[in-house]
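Right after this note come the structures.
Two complexes are shown next, each including chain A; its partner changes from chain B in the first to chain C in the second.
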Partner chain A sequence: MATEARNLSGVVGFFSGPGAILKAMEKVKATGFEKFDAFTPFPVHGMDDAMGIKRSVLPYITLVGAITGLTIGFSLEYWTSAVDWPLNVGGKPFNSWPAFVPVMFELTILLAGLSTVFGMFALNRLPNLKDAAFDPGITRDRFAIWIGVPCDLQQAESLLNSLGATDVRKVYQEGWF
Partner chain B sequence: MSAVIKNPGKFQMSSSITLVTGLMAVVGLGAFLVQLSTDPHRAWSSFVLNHFYFLTLGLGGIVFAAIQWLTNAMWSAPIRRILEAFSGYLPFVVLTMLVLFYGLHHVYTWTDVAMVSKDPILSGKSGYLSPGFFLARNLGAILIWIYFARKMIGNSVAQDANGDFQYTERNRFLSPIFIIVFALTFTMASFDQMMSLDPYWFSTIFGIYMFAGMLYSTLAALCLGTLYLKGKGYLDGLVNDNHIHDIGKFMFAFTVFWAYIAFSQFMLIWYANLPEETGYYLRRFNSGWLGLSIFLLVGKFLVPFVFLLPRGAKRSEARLKKVAIFMLIAQWIDVLWIVQPEFFQEGPRVGIFEILIAMGFLGVFIFLTLKFLSKHNVVAIGDPRLEEAVSHHHQ
Partner chain C sequence: MGSTTASYQQDVLVTGGKNYADVNNDVAKPLESFPTTKWWVCFGTALAAFGMGATLAALMFMRGLGVLGINQPNGWGSFIVTFVFWVGIGHAGTLISAILFLFRQKWRTAINRSAEAMTIFAVMTALLFPLIHTGRPWYAAFWLIPYPNQRQLWVNFRSPLLWDVFAVGTYFTISLLFWYIGLIPDIASIRDRAKNRIRKVIYTILSMGWRGSNRHWSHYEVAYLLLAGLSTPLVLSVHSVVSFDFAVSNLPGWHTTIFPPYFVAGAIFSGFAMVVTLLVIMREVFNMKNYVTIAHLERMNKIIMATGMMVGYAYACEFFIAWYSGSAFERFVFIQRAFGPYWWAYWTMAICNAFIPQIFWWKKMRTNIAVMFVVSLFVNIGMWFERFVITITSLNQDFLPSSWALYVPSWFDWGIVTGSFGFFFIWFLLFVRVLPAIAMSEVKGVMETSHGH
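For the complex of A and B:
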């Protein structure tokens, strides 16, 4: 307990299921805590709205990746077949765009896909080796709301209790293992 | 889950709808008959264009509905009846097919026996491209589609009364059979009715090309039908923004799919550069048809692609409506681009008669679709997935 002040992460309370945690989350958000999060074993529909999470910027990262791929695809093919090493293929023009389309398409998809995956990792601040799960049950069958410091711990605990949470307790940052 | 779902009942067919669509049909028929006596060549080109365009709309509804049963879809339960309603048009296709057969020698050059007998290529195809066989197999295909549509929609409508899951099971059994039969018969219908307009040309992907255009326009029509009924209040508490969003996503998907197939057909012919195959595209590039060829790339693909890309557009009824109308017109122009160059090599002929004849078919299509909805519930109220579907939402 000596390290309480330094390592205290916040308060958690556990709920019985997706319906209960959704209702509780709306109240937690309405109370105006600065930091809070939900931990559920599967995606709970409506949680984004309950938490007031805005739309992700991820689609725009995908769009930039897609346009970059399209441009790289065309530039690569134009440069190799019309500028650097022009080859006469079947008497067609060096800059034969219909032949370029499949590669442009593939590179569009590739860079759009990769930028989506890595953009998602970056936005979720993954990989994260620092924070350990505070309860193994949250990946199995438990639904938890976490209210983070700085906050009024008394208020947070009593709110979670009043919302019907079980097993309300403080959690500490433990680091990796 | 949600509270009790209220049955919106049947569509109230107003006399003004009957009057307007009836007037459209009569004016269309009149325009066709007038042009038949002044310029039969042009009248028949319009007829075959609209015959096939509206055939794909009527058939597309039952095809997309069959895909919903086949995939056990939940989201589409409140709007599936609108798709089923499109097939109300299918019996009329029997009539247009018979009329087309009557004008066969105006439409298809392979009906000219003297010309075919002198031409070794067409003589070789004459066993397949003969009027009797043409009518038998194409009429047979339409009757098969009507049979499956009747069966599956019959189950769907019967389910309205008691919500028995057995009806869903029966359609889950019928729909894969229908999809396979449809794939074969629709490829044949596209080859026979569209591709054989140029009896020398062939493209093995042509059936899929027409299928892509079919769902492109069917989804746009589904979108308009849903927005129309929603605006009239029939879908209150049944269809929300997420269903509209899903229709928008399908419209986007089939815009991309059509472009993919259209380019696949073009690129292989362009690459191989074989004289047997290139004529089709040369006719459409080196003439007054170039403008419409560019329209297909820019207008039919890029415009809906860019407009439907943002999430907001797919959730906005006003924007979706505009794109849907545009897509229906773009698909009509695509069929025009397939049909008319075989009649008029110099360039497109779109005048008042073309528009009036298309309006005539549209009047019949709208009337028969709404007639179907006035006989049956607007929503498949007995569908076991309906309750889950009305609270459908995305994460």
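For the complex of A and C:
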């Protein structure tokens, strides 16, 4: 093939809308392909079930961030106020923990939020440098199912066609720039 | 289906028979055309206002804080007033993006992007004031941030002013990330439309290579939900902590337990007014009337009226407690608030905040663009005066009559406060030029055609 030099990524087919792609995805999953994904302009509800994706582990990453923030908050306040340089402020105890609560709370939220965002980036391998969008319409109004290699390309193409997909074609892995 | 009279299930959030592609075309239009004369006039005005404020601030750094209106006993003046004002403005953005999201209020999708942008720029504007009010902002890191330094001293963690540093800092960081996360799929849309090469490169980098993969959406939606869950207590904490700046002191009029909820309600009230002010202009200038509909604005007006009544209740409650407490100092302060030297500020506040929004009881009024625009301006003025009243009327007549003095802002005060509006609008005007002002992927998700089954 002329496209030998290019890195084949798989086959895509386009569907008319969220309802159509959801039905098609259930069939694609049932066929038992190893790699498949949906590309949509907005999150289609029910797609995770249709694809058999388990609930994200992200909340646990957030929890770890939250506990770290809380611990850092209290340790910082306790160590600076009661250990490193104990300073008598208005006759309050050095470890006046109720006064430390606001900063502990804010640092809990800060680290929980940062770990949520960067955890999401890590789970999604973002920033994604090596896989450019295969169709500029996906972020507008196109709904695609992608079946990735290694797979029987002919079987994948005929399945997508039989499910009513349009514009079924091979796609290749390309960088953005 | 009339959009304003329809029942909840039949709610039409996008009017004009738009499809998904129309959303992209309409939202991206202001980003892809040369700015209009209107935009340049607004931008030039904002730039001039900021330039004036910055020049006056520079002069103030050279000569010292004596150029301001502050004196003894009024150690806090327009800078603190304006700081609280801007932090409060920000709260509506988080309320819309986080709290309304948790309550599944789908109408938020049309307005959340611009409201969040407003939050970020308002907090940035607010942060200018704690820095410049020190008079020597280059020392601010010393005073505000706990880091090992040559003086070997730490910050005082028992001070509400330090809690503020952490509260506002966290608020800014989390709001920025929340906003950016929401922007990623929309920046990808702009990237995929871009024809100019440099433009494409910039938006590709900003979009982090987002492709709309469902495996990504899956983690993305959980991240969005978690950030909404984290932002909700955060936003309530921020203005509570700002109110601690006052409430933790022992000054009559400041030392009260009603302050945290009262400040939070006031913040949401003023923020919604600012959102209405900005959106009324934006939907007109950028022709977004099918996305930000009268129904959206009507709902915001209802929230303005509800929070306005909460604020009105707080004003009344403060007077009741002043009487009921039996504290002579407390009573004196409140009588002076309403009938003392700053009576005009008090009544400006009370009329603008507690009475004028009552006009929204009439549907005709809350669906009328001109009326809501004027009311939103009054609320903004009223809420600035609320902070003025709280700050100044407690300070200018404290326990010792021999130390009483009036506070009169100098033209440095007014100039720098005006400059802060310029700073805010510079950012907002740039935002509507370079980033999608309506959350396209979220709007598509709530359109009629998007319910899969």
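By our rule, the second predicted complex is superposed on the first by the 170 of 177 C-alpha atoms of A that agree within 3 Å, B and C clash if a C-alpha of one lies under 4 Å from a C-alpha of the other, contacts with A are read in each partner's own complex, and residues count from 1 in each chain.
The rule we apply is simple: a contact is a pair of C-beta atoms (placed from the backbone, for glycine too) under 8 Å apart; a residue touches a chain by one contact, two chains touch by 3 or more.
Keep in mind it's a predicted model, so treat the numbers as computed, not measured.
Novice: Where does A:D48 make contact in the superposed view: on chain B (first), on chain C (second), on both, or on neither?
Specialist: both
Novice: Which of the two partners, first being chain B and second being chain C, lies in contact with A:V28: first, second, both, or neither?
Specialist: A:V28 sits against neither chain B nor chain C.
Novice: In the overlay, answer first, second, both or neither for which of chain B and chain C A:N128 touches.
Specialist: Touch partner of A:N128: chain C, not chain B.
Novice: Would you check which partner chain A:L159 touches, where first means chain B only, second means chain C only, and both and neither mean what they say?
Specialist: In the superposition, A:L159 contacts neither chain B nor chain C.
Novice: Between chain B (first) and chain C (second), which does A:P59 come into contact with in this model arrangement: first, second, both, or neither?
Specialist: Both: A:P59 reaches chain B and chain C.
Novice: Which partner, chain B or chain C, touches the larger number of chain A residues?
Specialist: C
Novice: Pick one for A:A99: touches chain B only (first), chain C only (second), both, or neither.
Specialist: A:A99: touches chain B and chain C.
Novice: Quick check on the superposed pair: does A:M120 touch chain B, chain C, both, or neither? Answer first, second, both or neither.
Specialist: In the superposition, A:M120 contacts chain C only.
Novice: Just which bits of chain A does chain B share with chain C as contact spots?
Specialist: 43, 45-48, 55, 59, 90, 99, 102
Novice: Where on chain A is chain C touching in the complex?
Specialist: 17-19, 22, 37-48, 51, 53, 55-56, 58-59, 62, 76-77, 80-81, 84-85, 87, 89-90, 92, 96, 99-100, 102-103, 105-107, 109-110, 112-114, 116-117, 119-121, 123-124, 126-129, 131-134, 136-141, 176-177
Novice: Applying the document's contact rule, which stretches of chain A touch chain B when the two form their complex?
Specialist: Chain A residues touching chain B: 43, 45-48, 55, 59, 63, 90, 98-99, 101-102.
Novice: So in the complex, which bits of chain C are touching chain A?
Specialist: 19-21, 24, 146, 152-158, 160, 162-163, 166-167, 169-170, 173-174, 177-178, 181, 185, 188-189, 191-193, 201, 204-205, 208-223, 226-227, 230-231, 233-234, 237, 241, 244, 440-442, 444-445, 449-453
Novice: Inside the complex, what are the residues of chain B that reach chain A?
Specialist: 263, 266-267, 270-271, 273, 309, 311, 393-395
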